[in-house]
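Sharing a structure with you now.
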Amino acid sequence: MKNTYGSAVTVTLFGESHGAMIGAVLDGLCPGIPVDEDAIKAALDLRRPYGKISTARREADEFSIVSGVFEGKTTGTPLCILIPNTNVNSSDYDRLRAVARPGHADYTAYEKYHGFSDPRGGGHFSGRLTAPLVAAGAIAQTMLAAKNITLGTHIARCAGIADRPFSDLAVDLAALRAKRFAVLDDDAAKAMQDAIERAASEGDSVGGVLETAVVCMPAGVGEPWFDTVEGVLSHALFAVPAVKGVQFGDGFALCDMRGSEANDAFRMENGRVVTETNHNGGINGGITNGMPIRFSVAVKPTPSIFREQRTVDFLRNEETTLTLSGRHDPAIVHRARAVIDAVTALILVDLLTGRFGTDWWTAE
Amino acid sequence: MKNTYGSAVTVTLFGESHGAMIGAVLDGLCPGIPVDEDAIKAALDLRRPYGKISTARREADEFSIVSGVFEGKTTGTPLCILIPNTNVNSSDYDRLRAVARPGHADYTAYEKYHGFSDPRGGGHFSGRLTAPLVAAGAIAQTMLAAKNITLGTHIARCAGIADRPFSDLAVDLAALRAKRFAVLDDDAAKAMQDAIERAASEGDSVGGVLETAVVCMPAGVGEPWFDTVEGVLSHALFAVPAVKGVQFGDGFALCDMRGSEANDAFRMENGRVVTETNHNGGINGGITNGMPIRFSVAVKPTPSIFREQRTVDFLRNEETTLTLSGRHDPAIVHRARAVIDAVTALILVDLLTGRFGTDWWTAE
Amino acid sequence: MKNTYGSAVTVTLFGESHGAMIGAVLDGLCPGIPVDEDAIKAALDLRRPYGKISTARREADEFSIVSGVFEGKTTGTPLCILIPNTNVNSSDYDRLRAVARPGHADYTAYEKYHGFSDPRGGGHFSGRLTAPLVAAGAIAQTMLAAKNITLGTHIARCAGIADRPFSDLAVDLAALRAKRFAVLDDDAAKAMQDAIERAASEGDSVGGVLETAVVCMPAGVGEPWFDTVEGVLSHALFAVPAVKGVQFGDGFALCDMRGSEANDAFRMENGRVVTETNHNGGINGGITNGMPIRFSVAVKPTPSIFREQRTVDFLRNEETTLTLSGRHDPAIVHRARAVIDAVTALILVDLLTGRFGTDWWTAE
Amino acid sequence: MKNTYGSAVTVTLFGESHGAMIGAVLDGLCPGIPVDEDAIKAALDLRRPYGKISTARREADEFSIVSGVFEGKTTGTPLCILIPNTNVNSSDYDRLRAVARPGHADYTAYEKYHGFSDPRGGGHFSGRLTAPLVAAGAIAQTMLAAKNITLGTHIARCAGIADRPFSDLAVDLAALRAKRFAVLDDDAAKAMQDAIERAASEGDSVGGVLETAVVCMPAGVGEPWFDTVEGVLSHALFAVPAVKGVQFGDGFALCDMRGSEANDAFRMENGRVVTETNHNGGINGGITNGMPIRFSVAVKPTPSIFREQRTVDFLRNEETTLTLSGRHDPAIVHRARAVIDAVTALILVDLLTGRFGTDWWTAE
C-alpha cells in the first residue's frame, strides 16, 4: 500500500518538494459533503510558515480540487487535490545529492531507491507533502463537525517549555481554532516563540510535544486486535515527518502508576456511561468508550540546522562535513499541529465509515 | 482486515480466553524454514506466568502446528498454530457480564458487539491471545537469526524502578535470551520483583516500560509515507494489551533536545556507513539506516486489581461497585516482553519479504 | 494477502489435503448471527462425494467451531472452523513428488515453493480446502436468508449436456436447495450422471458450467473501479479449483448482440425500478441494480485421470509418463456447486458489510 | 480500497469525464525505470477514437507526469499522471440526470451516491478514465519488455466476425503492435469495421471478444487461494467498462472437453519444462507455469445507442423513453484493446514485484 492509507476511506499522497505539484487522492468519502474551500484554506494557513519561527520559503498553497466534487459537494468518488509548487529554489540542494544530511532521509533513500529518488528539497520525503494531507483533513474535519465531533491540538511542550494541560475541552478546542500558534497559555506561547527564535539565531532547532483531544466520538469504534484505534491512528501519525513517539491517554506516565490509580472508574452522567478520569484516553481494548480521545506525539527538533555537521558522502563512501544553507524551519511543531489534526480527522472518518457504512454521514 | 495484520507476511489471530482453543494463521512465510518446536516452546515459556508475580492460571500452552509445515520445514503456505485452553475457570466471570471492569474492554465490547461477545475471561480481548502470537513470532525470530538479525527486549522500567540502559547490544541481547525476568541489572530486577509482589499483596498492580533493540537489520527497508517502519511496527505493538505508548530512538526525550543534539552524525566504519549516536533509533524518514532499531513501549498497570472499584452495570445503566476475585496478574510487563519480541520479529519479516521478495530467506 | 480475502468480512484458509486438519477463519461477521450447525452440515453434505460419480475418499467432514461463537451466536470476533482429515492415504502420492501431474499445480508449486510444499494429495492446493470454505459460506447464507437474499447454483452444462435455463427464480432456487445433484431438468440430470459415469469407466473426466442466481440484493452495492461486484466476485471465484472462466449476465454471448438487444430497458414495477430483461446480470457499472445477480463459471474437467499421460520429472528435468492410481473424482462440477454458493454468499456479505456497516445485520 | 488496486504495485484512478482532469497514481514502481513519453503517447493513441467507428469526441490526451519521475527515470515514489479534459460538451447530458440510460450506471450510481455523483458524460464511471490507466500501463509494459516479457491483444471476435486464432505468438504480438485496429486477419478486420459502421449508421452498437497473450512470464508467480493469477487479473479486468466475462486458456470451451483432452502434457524443450498444449492458459493452480498466459474478455456492445429506449425517471419514479444524442462510440472493443494491455501489464508488474521484491527490476 505504501503511500495509500486507510480501509473504508483512503488517502493517497504523491509529489515531491520541488516537482511540478503535490497532491492527494481521498477515496471512499460519503457523497453529499459540502466542500468548503475557505475551511481548506484556513487549515492550510495554520500549516503555513510565518514570522521568524519558520522557513523563508512561502508557498501560496493554492490548491485545486480536480475531481470528486460536483456542485460544491462530494460525489462519493475519488477527490483529488492538487497544490502546485511555485517557490522552488533547487540550486541549494544540488551539491547535497551524495552528502547525507544527518537526521534526514538522504542516506536511507539512497539505500532504498538506489540513487534514483528526487533529492531536491527532500523530494517525496519533504514535509511539504503534508500540505495536501492538511487539505484532505479539512474535509474530514467538516464531516466530523457536522456530527458534533470536534478535535484540536495544542503544543503541550516546546523547547522545554510546557503549556498548561487541557481543562474544559469545549472551551479549549474553540480557543485553539482561533490561534495560529496553538498554545493555551499565552505566557507559555511567548516563551516558546522566544526559544524558537533563539535557537534559530544560533543556527539550531527545537522540538516539542503535540497533544490532541477529540470530543464526542461515539463508543464502540475500533477493533480488538491490530486495528485498535491506537494502532490505526499511530500508523498514520508516524508518517508525519519528525514524529518519533505516540502515546494515548497518560501514555508513558501510566507506567509509574498503580492499577488502582490508572483505571478509569465508570459512572453514569445524564443516562450515559462515562468515566471519572480519562487516563486511558477514551480507548479501552482498542475501542472507543465515548470519552474524549486523548493522545500526544513527540516531534523531534527539525534536522535542518545551520551548524557544521559531520557526515558521509555515500557515493564515495568517505567522511565529510556539511553546513546547510537555504531556507529551513527552526521548529515545525507549531506547523505540525495542523497536520496532526488532519491525520486524526481522516482516520476517524475512516473508522466511522467502516463501522457505520458508506452512508453514515449522508443519511437522514 | 481487523484481526489480520501484515502485507507480504500476515498473521491472523482467533480465539477466546475460555473457548476451546486459541490460534494464529501465519501466511506468506518463505518456504524451507526449519520449524524448531523447542524454540517455540522456549518463547512460550518466557510468556508464561510464574512465581508470585503472575496469575495463578497456569496453562500448559501445548501448541500444535496443523498446517504449513512438512517434514519439519515451512511449506510457504499458511501455517496454523493451535493452543487449547485447558485451565479454564469461567464461573469467576459469570456475574461480571454487565458490570464493566474499569480499564478493561467490557463496556466498549458491549457498545461494539451489542452484548454478543464472549465475556468469559475477557473473551477475544484476553491477553491469552498473545500466546499464539508468541509462537508465530518464534518462527519469525528463527528466520531473522539465520540472517544474523537478532533482537531482544528488557524491562527498562517497572513500578518506578529503572533498569540500566542497553550498552553493548551483542552482549546484552545474549544475556536477555537467558533471562526469564528480562532485566539487565540484577539489583534492579530484584527491586522490581519485590515491588510487583508488594503491589500484589495490596490487591493492586503495576506497569512498566519495555525497551527493544534489533541489530543487523539491512538499511533501505520501510516506506516514506504511511508504511514507515515506525508506523507499521506501532500499529502492531498497540494491539498488545495494555500498551499505551510507543516511541522510537529517544522518543519523547527528543522533544527537549536541540537539532544539533538530536541529529545522528554519519561516519564510516569498516567501509560501512554508520551513525555516531542513535537518537533516531535506526530509522530516518521511515526507512532503516542499518543502525540498531531501538524503541520502547509503555505498558500500563494491569487493570485487574482486587480492590473495590466504582463502576456501572451497562445493561441496567446504573452505578455499582465491583471487587474482582479470581486469578490475575499483578504485572504483565515481564510476560509482555515475549510478546513484544514476537510482534517485532513478525513485522520485520513482513517488511523484509515485501522488500526482497518471497524468496529472500530461502534463496542462497 | 494471499490466503485471506475480503475487505469488511474476510476469510482465511489454511491446511493441506493430508495434514492434520484444514480450516478457515471468518472475520468481521456481525455479532448475533445464530450459527446453525445443521445448516453447515447440510452445506457440507452438498459438497461431499457420493455415488459412482465421485472419489472414493469419503471424509466425515466433522467440523468444529472453536472461536467466535458464544451461546450459539456469532460474537463478532473471528470465527474459526476446523475440519480434521481422517481418511488419508498418502502412499498414493509419495512417488509423485517430482513427477508433475498434467493440469495440476505440482510443477508450479515446485517453481514457487522450491520443493518445500506438501505434495500429499495436492497439499494446500487440494480441492479439499473448499470444505471449510463451504462451512463458512453456510453462515453467510444464513445471514443473507434472514434478509430475504437467497441464492443458488445449477449445473447449466456438463459433459456437453445442457440443463434448462433458470425461469422462475423463486421456484428454481427452492428446488435446487432440495437437490443433491443440482440440475433443474431431471432428464438432463440423468444424462449428465450417465456421462460422468461413462467418463469414469474410461478412466477419464468431464467438466461443466455452473450458473448462479442471487435474488433480492439491494441496489447500490459495489464500486465503479476495481471493486466492481464482478471484479470482487470473480477474484474469489477463480480461487475455486478448476474454475477457468467467469461471466456475468449473458457474458460472452453479449459479444454477438447489438446494443439495442443487450441493453436492459428499465421500467417500474410496484413502485420499484426494475429492468425488463437482465442481460447484464443485475450489475451496471460495477454496482448492483436490484435485479437478480446472475453469473456462470467454467469448471474444467478434473485433471486427475487414470490414463497414461506424458509428463516430466522436474527434479531430474527428464520426460516420463504417469498413470495415476488412487481415488479421484471423474467430475467435480456437481460438488463445486456448493463451493460457488459459499463463495458467493461470503462475498455478498462482505460487500453488504462494507456498504452498510458492521451493524447492518444485527440492527433492529 | 475501491479506486485503488494492487498489492506491491498499486494504481489509483480519479476524475470524471467532464471534470477538469482525470488521472492515476502509480505507486510501488521500482526506481530507475526510464519513462518514455513517446511510448505512453503511442499507447494512448491506440486507445483514442478514430474514423467512423468511434465517437466524435476527440481528446488530445495531453498527459503530464507531475511526480515520481526525476531526470527521466522513475524515482520509486508515487508517479502521478494527469490528463486534462478539453473537449467537453456537457449540455448533452444535462437533461439526463434523472433518466437512466439503459446499460449504463446512472441508476445504480443514484442508488449508491444518492444523487450526488457527477452525471456529466458518465462522470467517474466514464470509459474516459481508462486513459490514465493506459498511460500507467505503458510504463508497466516498458518494464516488462526490458525483461523480455511481451504481451498483446487482438479482437478475436466483433459483431459476430472472428479473427484467426493466435499462432506464432512472437510474430503475432509484433504484428499487433503495429496495428491500430488489432485484428490479425486483414479480411476479418475489414469485415469488422464494416459491421461497426453499419451498426453506427443504424444508431446501434456492437460488442466483441478480446484475446490477450503474454510470453516469457517466469514460472512460479501467483498464489494458490484467492490471489491466483486468474483472480487477481480478472478483478482488474472487470473494472474495464463493458467487460462482462473473463476466461483463461480455453475457458468455457474447457467445459465440454474431457480431462484427457484438457490436460496439458509436460515435456522438456531446451532443458526447460514446457507443455505441449496450452488449454490452461499458462496457469496451473493459480500460479504461472512459464507458458504463455492466455485469456480473453467479453466486451458487451456499447450501451449508448441512438434508438429510442424505454426507461425510467428515477427521481419521479415514472416510466419514460429516451433517445440519446451527442457523441458516442458504436463499438469500443477496438479501443478497449489498449486498456486490456495496460491492465494486464500493471497486474503482472504487481505480481512480479510481490514475488521478487522491490528491486526485481532495478537490480542487475
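First chain written, first letter: the chains are A, B, C and D, and each begins at residue 1.
Going forward, contacts are C-beta pairs under 8 Å (C-beta built on N, C-alpha and C of every residue); 3 or more make two chains touch, one makes a residue touch a chain.
Keep in mind that this is a model prediction, so the values were computed, not measured.
Q: Identify the chains in contact with chain A as well as chain D, in label order.
A: Common contact partners of chain A and chain D, which must touch each of the two, are B, C.
Q: Which chain's C-alpha centroid is most distant from that of chain A?
A: Relative to chain A, the chain with the farthest C-alpha centre is C.
Q: Could you see whether B-D or C-D has the larger number of C-beta contact pairs?
A: Output for the comparison: C-D.
Q: As a quick test, compute the distance in whole Å between the mean CA positions of chain B and chain D.
A: 45
Q: Mind checking the centre-to-centre distance between chain B and chain C? Centres are C-alpha means, answer in whole Å.
A: The mean C-alpha positions of chain B and chain C differ by 38 Å.
Q: Taking the mean of the C-alpha atoms as each chain's centre, how many Å separate chain C from chain D?
A: Using C-alpha averages as centres, the distance is 26 Å.
Q: Please list all residues of chain B that touch 2 or more other chains.
A: 1-4, 7, 13, 77, 112, 124, 224, 358-359
Q: Help me check something: in the complex, which residues belonging to chain C touch chain B?
A: For this pair, the touching residues of chain C are 1-4, 10, 12-16, 19-23, 25, 27-28, 31-32, 64, 66-68, 70, 73-80, 82, 112-118, 123-124, 358-359, 362.
Q: Note which residues of chain B are touching chain D in the complex, please.
A: Those in contact with chain D are residues 7-8, 77, 224, 354-360.
Q: Which residues, counting only chain A, touch chain B once they are in their complex?
A: Touch list, chain A to chain B: 1-5, 7, 13, 100, 102-105, 107-112, 124-125, 129, 157-160, 199, 204-209, 218-228, 230-232, 234-239, 241, 243-252, 254-268, 271, 273, 275-276, 279-281, 283-290, 298-305, 307, 309-312, 314, 317-319.
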